[in-house]
Every structure is written in structure tokens, then in C-alpha cells.
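Structures given as C-alpha cells follow.
One chain, chain A, appears in both complexes that follow, with chain B as partner in the first and chain C in the second.
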Partner chain A sequence: MPNRREFIQKLVRGSILAGLGLLSGALIFRSREEDGCGFDFACGSCSKAKDCNLPQARANTQMVWQLDPAKCIQCGRCATSCVLTPSAVKCVHVYAMCGYCDLCGGYFKPETKTLNTGAENQLCPTNAIKRRFIEDPFFEYTIDEPLCIGCGKCVKGCGAFGNGSLQLQVRHDRCVNCNECSIARNCPSEAFSRVPANNPSLLNGFGKEEMKGQNIKV
Partner chain B sequence: MLILLAVQAMNALAVQRFPKPEFESGYVQPETLLPSPRTEILAVMDVFVLLASLSIVTWLVLKKRSRNGVFWMSLFSMIYFGFYREGCVCSIGSIQNITLALFDHAYVIPLTVMVFFILPLLFSLFFGRVFCAGVCPFGALQDLVAFRPQRLGSRLNAVLGLIPYLYLGLAVLYAATGTDFIICRYDPFVGIFRFNASFGMLLFAATLLVSGIFIARPYCRFLCPYGVLLNWTSRFSKRHLTITPSECIQCRLCENSCPYDAIDVPTPAKNPDSTRTRVKKLMLISLLIPVLIVACGWTGSRLHETLAGVSSKVQLAKEILAPVSGAAQTESFEIKAFRSSGKTASQAFSEANVILHRFYLGGWLLGGFIGLVFGLLIAGRMLTTFRTGYVPNKGTCFSCARCVDYCPVKS
Partner chain C sequence: MMKQRIYIIVAIFLLLVVVAYMARDLFFSPKENVTNPYEYELAKLKKSDSSLLAYAEKQQVKTSLEEIHGVAVDASDQIYVCGKEGVELFDMTGNPEKKFSIGGIANCLYIDQKGTIYLGIQDHVEVYNAEGKLRGKWKSCGEDAFITSIAVTDSFAFLADAGKKVVYRYDLSGRQLNRIGEKDPERNVPGFVIPSPYFDLGIGKENELWVVNPGRHTFEKYSYDGRLISSWGEGSMSVEGFCGCCNPSNFALLSDGSFVTSEKGIERVKVYSPQGKFECVVAEPDSFEAGTKGLDLAVDTQDRIIVLDPVKKLIRIFLKKS
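The block that comes next holds the complex of A and B.
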């Protein structure tokens, strides 16, 4: 026969245990009624689980931070807000969208008179964009990623005057995937969100389908 | 203004202004490389390492009774969860993920985060705070610098011990309203693990570590919100670290061995008060607690606008209502983003209103919770529990097993 204190302890321990069980059960099973595919909880063996956007399938995948270039206003805070220096956000060049312009809005400052690679003409503060002549009148622009600080100046120029092929993205080889992204907190346009880790990029103008045929390696 | 709006709109929608060129020189377009994140197998490994290290520390504390073992385990955890995993995901921060998942149905909580929240609590419910002893990297880091621990006295310990409850309440409030993850935001040690932090955070960490020389584990005792949960589960634990392997002989050798003031000393008499005073005390407590709950709840509800000021949506609404003087030339990025999003001002206001309302309710609950904790603290100090030997306080003991070596009774 246990004494009173032991009995109370046992009682409370049991109820805490039940509470924890209820909590985890509620969190795992709660979204089942809202929308499903008819095969709830077979996600582990489902061949479509990778492309599935249902919460059940997503619960099995890691979520990572990504910024949506469609919402981005290029305020420049990505360069300063990240817990890493330089930032995990970098400019990505979607070559498939590029117009290969001689007068590149992402490379040159707006008031530039001569189109050469002089430092005074460049928009990029760290000389991270390399300009290379391909054939008349086309120029190729590549990004030297270690130099890029993710300030978004080139993205702004390219979006305003060009095709918008320069886009900011969280680079997942650098991102440490903080529980709460400190750039997301400072982002004025709420462009940051969690996306499934198996499809971790959000490129503007290029959905998943469009990316397949292009020179984009995921 | 119209031109500005037009530029913004174009910005938002990438348009193919220039056609894709047709190259004649045989130029091949380079590939756009999109590196993929850390594989999921490693996340599963984190969970496995957590489970394994919890089990090993439990065995070391309860069976082996070895301080050395616990020390080496804590060093391992600091290296793995701290420097290798860079302090993320951690159990302390997972409180917020759990709360957000409970209140926001769109947020899908990863299973690994849930395991990180629940496993240490389960272990604490059965074996005491073994997580604090040798698995938490924050605790391990502070344990390393606790060279000259001083006694703080029970009163100071109790008052400072209220801070974690307030921190927990605020963290839950901000996570539940989807505003902010304040535990992660003001996490002092993650910057040390990453060798990269803002000056303010480094200063905070340095202050904690330097004061940690004299006040052992200041973050764990007087800040950690997860410690509150572990404290309460550990109080009802099935088994717990004991100072002596058999009967306490009251030799007082262990009295000063605990750097965390977590050893309860024997009480002189079984019932020091007369029945009359005990009834009086009980009546006072049962009156005091409801009064404190209502008073603190009311105070909390009064503060709801201040609390909601952290929310970016509320800030935006404020900015739209009363633009900062001279803002005509330099309007903030928030206002610019708001313009380009195409939302109307009334939409922004109603969003802010919803959040304000949530904070009003949350303010009452937070205040009530703090009142309850305060009341329980007073009650706990008024009532005494009878003890004949030196025992670790099941709530505040970190199960670090330092006291074990001081006990002359072996086996």
C-alpha cells in the first residue's frame, strides 16, 4: 500500500504522461479530417510523397527556409539580417530567363556612360558578377558566389529593366536552417516561408514544370 | 507615385522583356545550380543521438552514480548538439514550435522537433532532469565555467527562479500569436556555437558565462523556459538521483557540494506550527492565489498593446496610421512592401485588430499564469515538508551527480 505522497505522485505522473500522449497525438493526427488523399498515414511507402503538398506528407519531410522572389522588394536586409556573415541568401542567375543584354540592368549602374567592366560602372558592391562576351550582341553574366553578399542590388536592376533572371535565393549549402529565420523576421514583405526540403527553391517565372526542361540542376 | 507603383508592380512580376537569344557560336548555357539542404537521414540521426545520450546519462546517474561519466557525456553533447549541430534544433526552442503548431493549423511541425520536445520530458518524468545533466549543450557549456559557485540563499533563488516562468509565458504568447520566436531570438549561446553573433548577443553570452563562474548555470536556473517544464515533470519522477546509495547518516559532508543550491536540508521538527496557525495559513493561501491571478491577469490585459507592439503587422498598421514626420521622402521598406502587395489600408488595420484582440486575451492568460506561479511560490514558502536527511530537490536538481562523490556511505 503506497503512502499518500507516493499515490499523488503516481497520479500526477500518469496525468502528465497522458497529457504528453494527447499532445503528440493531436499534433500528428489533427489535420487528417481537413484534406486527405484517402490513404492517410501511408505516406512513408507512398511513391508520390515527394511531390505531395498535404500536411501529412509534409510532416515526414524536413522544412527549410526559402524566399519567394515574387514577393521580394530587394530592400537589402538579407545581406545584414542573416545569422551568418556573409548571408546565406545569395543571388542566383536563372540563365534560362536571361536576355544576355549588352546593357545589363543588373550589372551596370543606371547612369553608366561606357559599357565596360570598370568598377565605377558596376552595381555590385563586391564585384561578384562577371561579364563575358559571347557573341555580338550577347554578354554572359555569371555570379561568383563566394563574393556575393545577397544585397539584391543587381536583382533590383534586373527586375526593373530586364527579364528578372537574377533572383535572390536562400542557398541551402550555407543555410543552417534556424528555428526562426532572422531574415524572415526582418523581411518587410513577408517573402520568407518554410518549404519542403525535397523541393527547396522558389524561382520566379519558373515553376517546377518549367524547370524540368531547362538547364536547372536541382 | 504612379510611376513608382508601376515599377514596383513590374518588379513583382518578372517579365520576359528581352527574348531568349539564339546563339550561333555554339555557346552552351551554364546550369543554374540549386544546392539541396542537409539530408533527412541526418535529422533522424540527431533523434537517435538524443535518445542514446539520454539513456546513457540516465544509466550513469542512477546506476553508475558517476560524476566523471556525466561530465564526459556533457562534453560530447556540447560538441555534437552545440558545435556540430550549431545549437539548432534544440529542446528549449521546440516549445515554440509545439505552441505554434497547436494554434496555427497551417504550420506543419516536423516529427524530429516533436521528439526533441517530448523525449527529455519523458525521461524527466521517470528519471529526473538527466537532460540538463549531460545532454543539453547550453548546460554543458555553463557547467564548464562554474569554478567558484557561491550560495545565493533560498530567498534570492526563489525570486530569480520566477524569471523562467515569465520567459516561458512570453515565449508561448508570442509563439501562439505567430509573432515571434523570442527564445531563439534571444538565445545567448547559439552565437558561440556558430562562432558568429551580433555584438549584443555576444555581450549577453559573455555576461552569462562570466557570472557563471560565481553563479553556476545562470541561464539554466534563472532563464531557461524549458527548465520550468523539466522542473515540474521531474518533481513527479519515478526515480531520481540520490545523494547517498542507502540511508543518510546526516554527516553534512554534502551540504556545500551542490553548486546550484539544490540540496534540501533536514527539517528540525515534523510540524513546527500549531493546528490553528496551519489553518490560518491555508485560508490565507486559498484567498491569496485567486486575488493574485485576477490582479496579475488584469495587469497583463492592460499591457496587451505594448506586448502586441512586437508584431510586424501591428507595427505596419501604426505606421500607416501615423507616418513618421518627414517620411514623405524616405518611406520605410515596410510601407513600400505594403504598397506593392496591393493590400488596402483597411485590410492591414483589420489584420492588426485581430492580433491586438489575441494579445488582449493572451495578456489576461499570461498575467493569470504569472499570478498563479507567484501565489504557488508564496504558498510553497509558507508550508514546510518534513525531511530527515539530505536529499536533492527534485525540481531544481540537474542530476549532475557532483554530490554523490561527497557521500561517505558507499553501497
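The block that comes next holds the complex of A and C.
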């Protein structure tokens, strides 16, 4: 028959052993969980995705900067405020919205008399929009991204005189994803926000779905 | 002792000033008012020579429909406005007379000599009598059809379909007779270019069919069998031409055959001679909210120009200055 002292000693030893057992079990379980979640990595619908440490989940929950063309006022600060030169903000063309017009308000200066590709006729300060004849009277306009500085002049012209198919977007193959985006800090219309890296597009209008998969940074 | 206390007070005061300055800089500094080196001055383009302004606005009439899209005038100068779920009727002085409901959004309308009302609703036409009773619903012009303008003569109705980029000729029972304006190099028909859903047509004083080709900035005159007879117009930001990628958005005809045109982009209403020569300005861009589109037009028997302002939801009546 154990005395009172021995009983307490056994109880303490038993509790320590049980605690160690629980801790080891939890660690083993956690390490097994890190090897794989048993799901098919459809993290978008997983309620645990935010706290999950799996690399696949991190890629799906990482946030990046993007600007909303609906709020953008083409103030020019995307060109001047980015830590990169030229800026990580570029003009993106939503082709489905474009009228393929001969007299393009985003391509030509307003006083242009002859509609040709002469540099003096072009609104873009860096000649970053390429114009290509398709068939009478249609022309295709493409953005030469390395030349584009993200000033938004063409976006303003296209919005005022056309369908608004030219829109500014942060390009994530260039953006260094600063903790505090220097353009966002200076943006007068507060058009910048954090969006999921696997779906970084905030384009406007019809045709935006086609552009959704573009320029994902993982 | 006293001197030391003064030093301490001054030091504390200076410290507070420094802290206050730092706090202001951190939390309350306004965003820099930097000038934009890439500014595109649209306001400059919207200024026109005031000596070209030959009309004055005489009246504004408030409409009560939720959305307004089309305006027309009947033989007795009553003004009809169509839009979301209804048609509203005003007498020539702007007093509301009647309002009736329709099933859908009417984008355009036409009132014939007998007072019959033709409404363009998405892909089809609905015909109402002068009392607002539905008398007929024509067959759909197709899945992608979007009827933006109607004009009716004694025997035919012409519909502009911005979706399919074509004009249809119908008889008055609603049977389609032929298509007009499809690209046909053999007949020298260039085809309609319609980058946005603004595509207007009208019947001239000699019953000729005029259609806007907005992507080419031209007016095209067609015979009823689809032969292109003539065209005029040029694209330009200057007041003499039509600006942007697709203009004029709407037009109406004065009694002498002159054209009243409206544009989007640079919101303005102008008059051109029957030969297509620019004559004068009816309303300058500053008369409208920036970004206003779809300024539908009508002209009454006294040549008053009636402009539908869909943003301000107004009927605006302009008279020539004496």
C-alpha cells in the first residue's frame, strides 16, 4: 500500500509522461501534415489556406499590388513614383473591347491631320503603341511593354474618345512587390490595393476574363 | 534657479514643437500636388469658338423614366421619350401628357404620321397605337441584334442594327424585305463600322435613306435596294469634323435637309448643310456632363432642335438665335 508521498510522486511522473506523449503525438501529426494536406490544392476554397504553411498554399494566398482602372484618373504618377525605372505599371490592351479604329484616340494626338505612324502623330511619349493594318478600315494596336512607362496618356485618350480598351495595370513580371508601394502612397484616387497573386488582374469591361490568367506572379 | 527653470521650459517647448512637426509630417501631410509631366489636356479640345454658336437653349424638361434612351417628335410636335420600362409623352411646351409602360428597355422610337409608335427593344420592334396599347410585336432580328434607330415612311420601316452592323428594310406589317449596307466591294458598299452601340439612320426630305457609318465618320445615302448613292464626312477633333473612334452618335434632319449631329467624346451638337458642309454649333461641350453619351436628337415642325440628355435626364430644346 503506497503512502501519500509515493502516490503524489507517481501521479507527477504519470502526468509528465502523459504530457510528453501528447507533445510527441502532436509534433508527429504536424510533421505528417506538412508533407501533404491530402487535398488537391484547390486552396481558393480551403478555409485553412490563410494559415497553411504548405508552399502551394503560400503561392495561392500571397498578395500583390494592383490598380483598379475604374478608379484610375491617369494622373501620371504611375510613371514617376515607382521605385523601378521604367515603372512596373504598364498599359494593357483588352482587345475584346477595342474597336480597331483608324482614328484611335489612344494612339493619335488630337491635332493629327494624316492618320499614319509618324512619330509626330503619336500620343505616346515613348512610341510604345504599335499600329498594324488589318483590313479596311481596321487597325490593331499592341503595347510594346518594355517601352511603356505607364504614364496613362493613351488610357485617357482611349477612355475619352474610344471604348476604354487601354487600361493601366501593375505587371508582376516587373513589380518587386514592395511592402509599401510608392505609387500606392502617391495615388490621388486610391486606386491601388492588394490582390491575390494567383488572380492579379483588375481589368474593366467585357473581355477582362480572357486576360485573367496573364502576368501571374507565384 | 529661475534661469534653469526657464531653460527647462524653453527646452520642453522646443521638444513639443519638434514632436508636433514630426507627427504632422507622419500623419497629416497632404499628398504632394505634383504637376503631371504627361498631362493630356482634354479640356483644351472641348473649347470652341463662341462665334460659331448659332443656337440658344430655350427650355429644359425633366423626364420621369428611370433611364432615357430615345426621343422623337410627332406630326403635331408632341415630344416622346423612351427608355427603361416606359414611354413618356409631352406637349410641345414641355407639359407631361401621358406615360405608358412597356416590357423592356426601348433604345429608340419613331412616331409616324398617324401617331403609331414604333419602339426598338433590344432585338425587335414593338408597335403601339397613339393610346399606348400594344398592337404588334415583330419577329426578332437575331440573337446578336441591337436595334438603335428606326425610321418609317408611308410604306416601309428601316431599322439600324448595331449588333449585326446592318440596316433592314421592313414593310409595315413587320416582314423583312432586304438588308442594306453590308460590305460589298462589287457594289462599292464599304460596310458599316460600329465600334460602340451608336448607329443612327433617318429619312431625308425626298424620302432618301441616310445612315451614319460611325467608324468611318461618314453619312451614307442609300437607295432602298441597298445601292450606295453618296457619302460625306470626315474624322477630326476640330469642330468641322467628327471626333473619336465612332461619331456622330445621333442625327436628325432639319426641314431644309440640313443635318443636326451629336457626338460623344467631345460632347457637342452641330449643324451641317444638306451637302455636308459644317455650318454652326448648337450646343458646346460645356453644356453637358463630361462623358455623356447617346445625345439623341429630334427636330419639330418649327425646326426647334430637341436634344435628349440621358445623364441629366432632360429634354433640352434649342432655338436658332435671331
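Criterion: the second predicted complex is superposed on the first by the 146 of 218 C-alpha atoms of A that agree within 3 Å, B and C clash if a C-alpha of one lies under 4 Å from a C-alpha of the other, contacts with A are read in each partner's own complex, and residues count from 1 in each chain.
Simple rule for what comes next: a residue touches a chain if its C-beta (ideal position, glycine included) is under 8 Å from a C-beta of that chain, and two chains touch if they have at least 3 such contacts.
Since this is a predicted model, take the numbers as computed values, not measurements.
Asks: When the two structures are laid over each other on chain A, which of chain B and chain C touches more residues of chain A?
Replies: B
Asks: Applying the touch criterion given at the start, work out whether A:Ser87 contacts chain B, chain C, both or neither, answering first, second, both or neither.
Replies: neither
Asks: After lining up the shared chain so the two structures overlap, which partner does A:Ala79 touch, if you call chain B first and chain C second: first, second, both or neither?
Replies: second
Asks: Does chain B (first) or chain C (second) touch A:Asp102, or do both, or does neither?
Replies: Touch partner of A:Asp102: chain C, not chain B.
Asks: Once the shared chain is lined up, is A:Cys151 touching chain B (first), chain C (second), both, or neither of them?
Replies: Touch status of A:Cys151: second partner only.
Asks: Identify the partner contact of A:Gln169: answer first if only chain B is touched, second if only chain C is, both if each is, neither if none is.
Replies: Touch status of A:Gln169: first partner only.
Asks: Of the two partner chains, chain B (first) and chain C (second), which one does A:Ile16 touch, if any: first, second, both, or neither?
Replies: first
Asks: Quick check on the superposed pair: does A:Pro110 touch chain B, chain C, both, or neither? Answer first, second, both or neither.
Replies: A:Pro110 sits against chain C, while chain B stays out of touch.
Asks: Which holds for A:Gln122: it touches chain B only (first), chain C only (second), both, or neither?
Replies: neither
Asks: Does any part of chain A touch chain B in one structure and chain C in the other, and if so which residues?
Replies: In chain A, residues 74-75, 77, 98-101, 138, 156, 160-163, 188 are touched by chain B and also by chain C.
Asks: Note which residues of chain B are touching chain A in the complex, please.
Replies: These residues of chain B touch chain A: 7-8, 10-21, 23-25, 27, 29-38, 40, 43, 86, 88-90, 93-94, 96-98, 101-102, 105, 108-112, 114, 118, 121-122, 125, 180-181, 184-185, 190-191, 194, 196-197, 233, 236-238, 312, 332-334, 336-337, 340-341.
Asks: In the complex formed with chain A, which residues of chain C make contact?
Replies: Touch list, chain C to chain A: 31-32, 34, 36-40, 42, 45, 190, 193, 195-196, 215-217, 235, 237, 243-246, 265-266.
Asks: Quick one: in the complex, what on chain A touches chain C?
Replies: Where chain A meets chain C, its residues are 74-77, 79-80, 98-105, 110-111, 115, 123, 125, 136-138, 151-153, 156-157, 160-163, 186, 188.
Asks: In the complex, go through chain A and note every residue touching chain B.
Replies: 9, 12-13, 16-17, 20, 23-24, 26-28, 30-31, 34, 55, 58-64, 69-71, 73-75, 77, 83-85, 92-101, 134-135, 138, 140, 142, 156, 159-165, 167, 169, 171-173, 175-180, 182, 185, 188-190, 197-198, 200-201, 204-205, 214-218
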